[in-house]
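Structure provided below as structure tokens; questions to follow.
Think of it as A, B, C and D in the order they're written, each chain with its own count starting at 1.
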Amino acid sequence: MLEMEQGSVQAHGRNRKLSRIWVIKNECVRMVLAETLSTYVMMVFGLGSVAQVVTGRGAFGEYLSINLGFGLGVAMGVHIGGRVSGAHMNSAVSFTMCLFGRLCWRVLPLYILSQLIGSFLAAGTIYSLYYNAICHYCGGNLTVSGPKATAAIFATYPAPYLSLHAGFLDQLFGTAMLLLCLMALSDQRNQPTPSGGEPIAVGLLVLLIGVSLGGNSGYAINPSRDLGPRVFTAIAGWGPEVFRAGNGWWWVPVLAPLVGGVTGAAVYKVFVELHHTSPRDQRMGLEDETEKEAAPLEKQKSLRPEVCV
Amino acid sequence: MLEMEQGSVQAHGRNRKLSRIWVIKNECVRMVLAETLSTYVMMVFGLGSVAQVVTGRGAFGEYLSINLGFGLGVAMGVHIGGRVSGAHMNSAVSFTMCLFGRLCWRVLPLYILSQLIGSFLAAGTIYSLYYNAICHYCGGNLTVSGPKATAAIFATYPAPYLSLHAGFLDQLFGTAMLLLCLMALSDQRNQPTPSGGEPIAVGLLVLLIGVSLGGNSGYAINPSRDLGPRVFTAIAGWGPEVFRAGNGWWWVPVLAPLVGGVTGAAVYKVFVELHHTSPRDQRMGLEDETEKEAAPLEKQKSLRPEVCV
Amino acid sequence: MLEMEQGSVQAHGRNRKLSRIWVIKNECVRMVLAETLSTYVMMVFGLGSVAQVVTGRGAFGEYLSINLGFGLGVAMGVHIGGRVSGAHMNSAVSFTMCLFGRLCWRVLPLYILSQLIGSFLAAGTIYSLYYNAICHYCGGNLTVSGPKATAAIFATYPAPYLSLHAGFLDQLFGTAMLLLCLMALSDQRNQPTPSGGEPIAVGLLVLLIGVSLGGNSGYAINPSRDLGPRVFTAIAGWGPEVFRAGNGWWWVPVLAPLVGGVTGAAVYKVFVELHHTSPRDQRMGLEDETEKEAAPLEKQKSLRPEVCV
Amino acid sequence: MLEMEQGSVQAHGRNRKLSRIWVIKNECVRMVLAETLSTYVMMVFGLGSVAQVVTGRGAFGEYLSINLGFGLGVAMGVHIGGRVSGAHMNSAVSFTMCLFGRLCWRVLPLYILSQLIGSFLAAGTIYSLYYNAICHYCGGNLTVSGPKATAAIFATYPAPYLSLHAGFLDQLFGTAMLLLCLMALSDQRNQPTPSGGEPIAVGLLVLLIGVSLGGNSGYAINPSRDLGPRVFTAIAGWGPEVFRAGNGWWWVPVLAPLVGGVTGAAVYKVFVELHHTSPRDQRMGLEDETEKEAAPLEKQKSLRPEVCV
């Protein structure tokens, strides 16, 4: 299953002519393609696991399956876009990166758009794949609430007892934990994830958030993950009720994660990162020389803020 | 448990005479042996987990156990055949490799045959091991459908509500996701799985597909996994009904994965791989010099297309 | 999601002025901040998973989710404080380190205090986040025992059949297994966890203890994990009953782990570590030269006993 | 939690005097201690998980918890005895190693004895820890069969429908798969587990066997794991019935794994290992020079056959 890479060295020459026509050199387009595909893959696996558990009435998985679906889905997404776009797959992550000067504001709209398109297409794909199953489950009656509700396969809805205020806090806090831990996972002067282990580490983090902070409203912690599929369901048959349900819940997983992400990243900076004593630049320099090939967090230079005009 | 390797260096001399008689130098035979054994092991673990869950009526595992059985089974299969045959264990993978010029067309029939033999033998093994349990479960009446159906332990069958057309799409899409992610896992210019971590990464990918894309028809996504055991059940007592069930379902997991695998790999190429800017050959060359020993994806030179005559 | 580190090299210069005001150079304060934050994060994930399972009546997870919540929570905690404070997150670990001469007694009170503050704050956070859910579950009546008891979301309580004596043994033994295995995981002359894999290895160890030694009283195995949240519940509405319940159980998970931790570490030393033949210092020296950058267990020099005055 | 190793370098000098009295230089004694402790730890976690699931009536775990308990328990055992005794923890593994010339026959009795003592003591420990729980579960009536049977917490018993002949095959085959995969995991000329990842890889293998080959008789696949606890239960109150139950089942998990282990290892040799073309000794030599420190499978030279007299 794994000899793909080797073979393609040989095939490279042969395909060079064909490739030259297709190769995209514009970094923004490359980034858009990678971010769209990684978000799409993550969302297909995530939404697919919800669809499988809901329509199977528990026979084909349980709540833990959904945690695994989103967690490992994120890991695969990082494998797909990791070194091209960074594979944020989450507008709250992109926004926080911009605010902390690690991504150019200029490309933020492209990231958000790519993520929305990716998650919208993923919702469409899961809808098509599980169309028979959804119809069989709910008798063809697509509802947002009630015992046979199916809208929650695609977007998140709060538990009935959750006030909007508490829901906002829930989403804000969940995203804060995500960004706080992401900062630690990539802090090379602390105890980061080993080189090459980033995808699975980020995946386990998302699984963990699903296991502990998903009880109130299904851990969207991601505007892109929630809004794209919600728009899809509005179009595909569930109607405008998807925006009215939960006392107009839809804007909470869009706005709260943006605030939460920045908060979480700031908390890590204030509690840990700012106070590292080991000289970072020097250390980084050392690594650049000795382990350049293995550097795990390579990214497009032109998307970094110092290249912004 | 782990000192095997070291000791055998010393035992090497002693066994040399014996070994010289047994050693097979023909690469095709070696490949056939490794591919058969790795498919066999993967299928024994996979089918075993289904048999255990079905005949145990849930007391000895649940749906997640099946996901783990196939996922970790694939990981063990990669450990067994990884550097000898590549451990495809899946005709759709082998076919895609050929089409993308990474495997010689000449050996494709051998791969497919090895995989079918491996999965057929695994079905026979699980049938023997769980014979008492299956008889106890179904009262000795081997049926393909109904409340005590046992044919689904071996081959996949669609959910009753699934149209053949939707089932074809289901299998096509599942295999596309498999190949798309496999391409990313092994793309050394992106965020690949770290060296040595390939087996577990591929295993988690298969687990993930089972968790999210298995609700409709049990994620065969592999002609070899499905056809071998189905033929076995036809012979072993379930009769020709295994080919008639599900509106003649049997050909779907044989044909759809071939189309899906190529599609998924192509999507990854078009969205990501073609546009890498870092010079691949140069980088590969660098790695060849500095890390030759650690190269994870080594394979038989003679099976690569450039050696085809 | 992972390009944070790289970007911040560039942002470093820009933020330098701001940083100089905030940077804390006192190592004890840095340690307190890191230990507090890592305990907080670990406990938020751990308690969150209990709250989610209990208030969701099993719809949002099962007992395994709690094992995952604490296990992966510990892993994230190690990522957050690993190289700053060592991320003990457990007074029994800190105490054992001091007794074995690997941590300065002088800083032990700071460690314990940080851990208690972290777990107290985490209990408060989970209480706020799941306040609606807890009220909905128990009808607003916060009880320590009975069918709708919710105090066990925060602190541990023994099974009704457990005698206090057996409970003490249970906590002592669980913590002994924790420290015994931690010693092995970090013993560089044996089969330690690979460099960079410490967080996940420690996390899996805690998961394992939860899976096998949690049946009697919920595996506190950690005074800090238990006492902080118990004090919080006493204040937040459950009242002094949290200290009276289980025949005055509260002191058992405070005292027994201290005895158990030392016992477990001593058993590993007596059975394995003392008898290593390979010269440790020499080996360590070698590693210091060749792999200094990768040394996984770096810690504050000034917190080590030889720096004690 | 992880700074143990570093600190102990400094503490080394201070403790040297004390240590000199305790240090055991006899390799056989060291091996016995390490093998006993690693088997003990593995069995405590394994049996503990069964006790927790059985006595908790499913509230504190499910069948997957038992798979995790034995799987991760094996991983911890490998961490504890890995480089001292090899951490077989299984007489079938030790026996196979001897037969394939990788362990000295002279030490086999010591390995078996250590493993039996370790598993016997682990059964005693779990009995003590879960004594209250077991009594509460079965009303103080320790039975081998029936609805409240508790003997199966410690040793394995076949499903009622399983013939002795089929049970022998079940145990033989399960152990064959164990050894077959262990051979692959440590075959440095194939796709082995990466250096340092052995414990978790072996643990996942045991988990996998539990998930797929445990339905008939509970996957003992290990004479030491089964016989020690069975003897304990015979003494501790379940009486001689533990040897009569299952039509005299007790000898099956003692004898069948010995045959199975050798078969499985031989199959891997015949299908894969014998035919490797890359020169093993040369490659090994290369690694010895460049990566000596990282060699994962180091073991006592004097226990290897060439040192046998």
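As a convention for this text, a contact is a pair of C-beta atoms (placed from the backbone, for glycine too) under 8 Å apart; a residue touches a chain by one contact, two chains touch by 3 or more.
Given the structure is predicted, the values throughout are model-derived calculations rather than measurements.
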| item | value |
| --- | --- |
| Required steps from subunit A to subunit D (each step between touching chains, minimum) | 2 |
| Type of subunit A:subunit C copy interface by residue overlap (half), same or different | different |
| Superposition of subunit B upon subunit D: rotation angle, C-alpha, nearest 5 degrees | 90 |
| Distance between the centres, which are taken as Cα means, of subunit D and subunit C, whole angstrom | 28 |
| Where subunit A touches two or more other chains at once, by residue number | 62, 64, 78, 82, 87, 194-195, 197-198, 296 |
| Overall pattern in which the protein chains touch one another (line/ring/star/complete/other) | ring |
| Interchain pairs in contact, sorted by label | A-B, A-C, B-D, C-D |
| Residue ranges of subunit D in contact with subunit B within the complex | 62-64, 67, 74, 78, 82, 86-90, 93, 97, 100-103, 159, 161-163, 166, 169-170, 173, 177, 180-195, 197-198, 201-202, 204-205, 207-209, 211-216, 267-268, 270-272, 274-277, 280-281, 283-284, 286-287, 290, 296-299, 304-306 |
| Touching residues (chain side subunit D, partner subunit C) in the complex | 1-12, 14-15, 19, 22-25, 30, 33-34, 36-37, 41, 44-49, 51-52, 55-56, 59-62, 64-65, 68-69, 72-73, 75-76, 78-84, 87, 125, 128-133, 135-136, 194-200, 293, 296 |
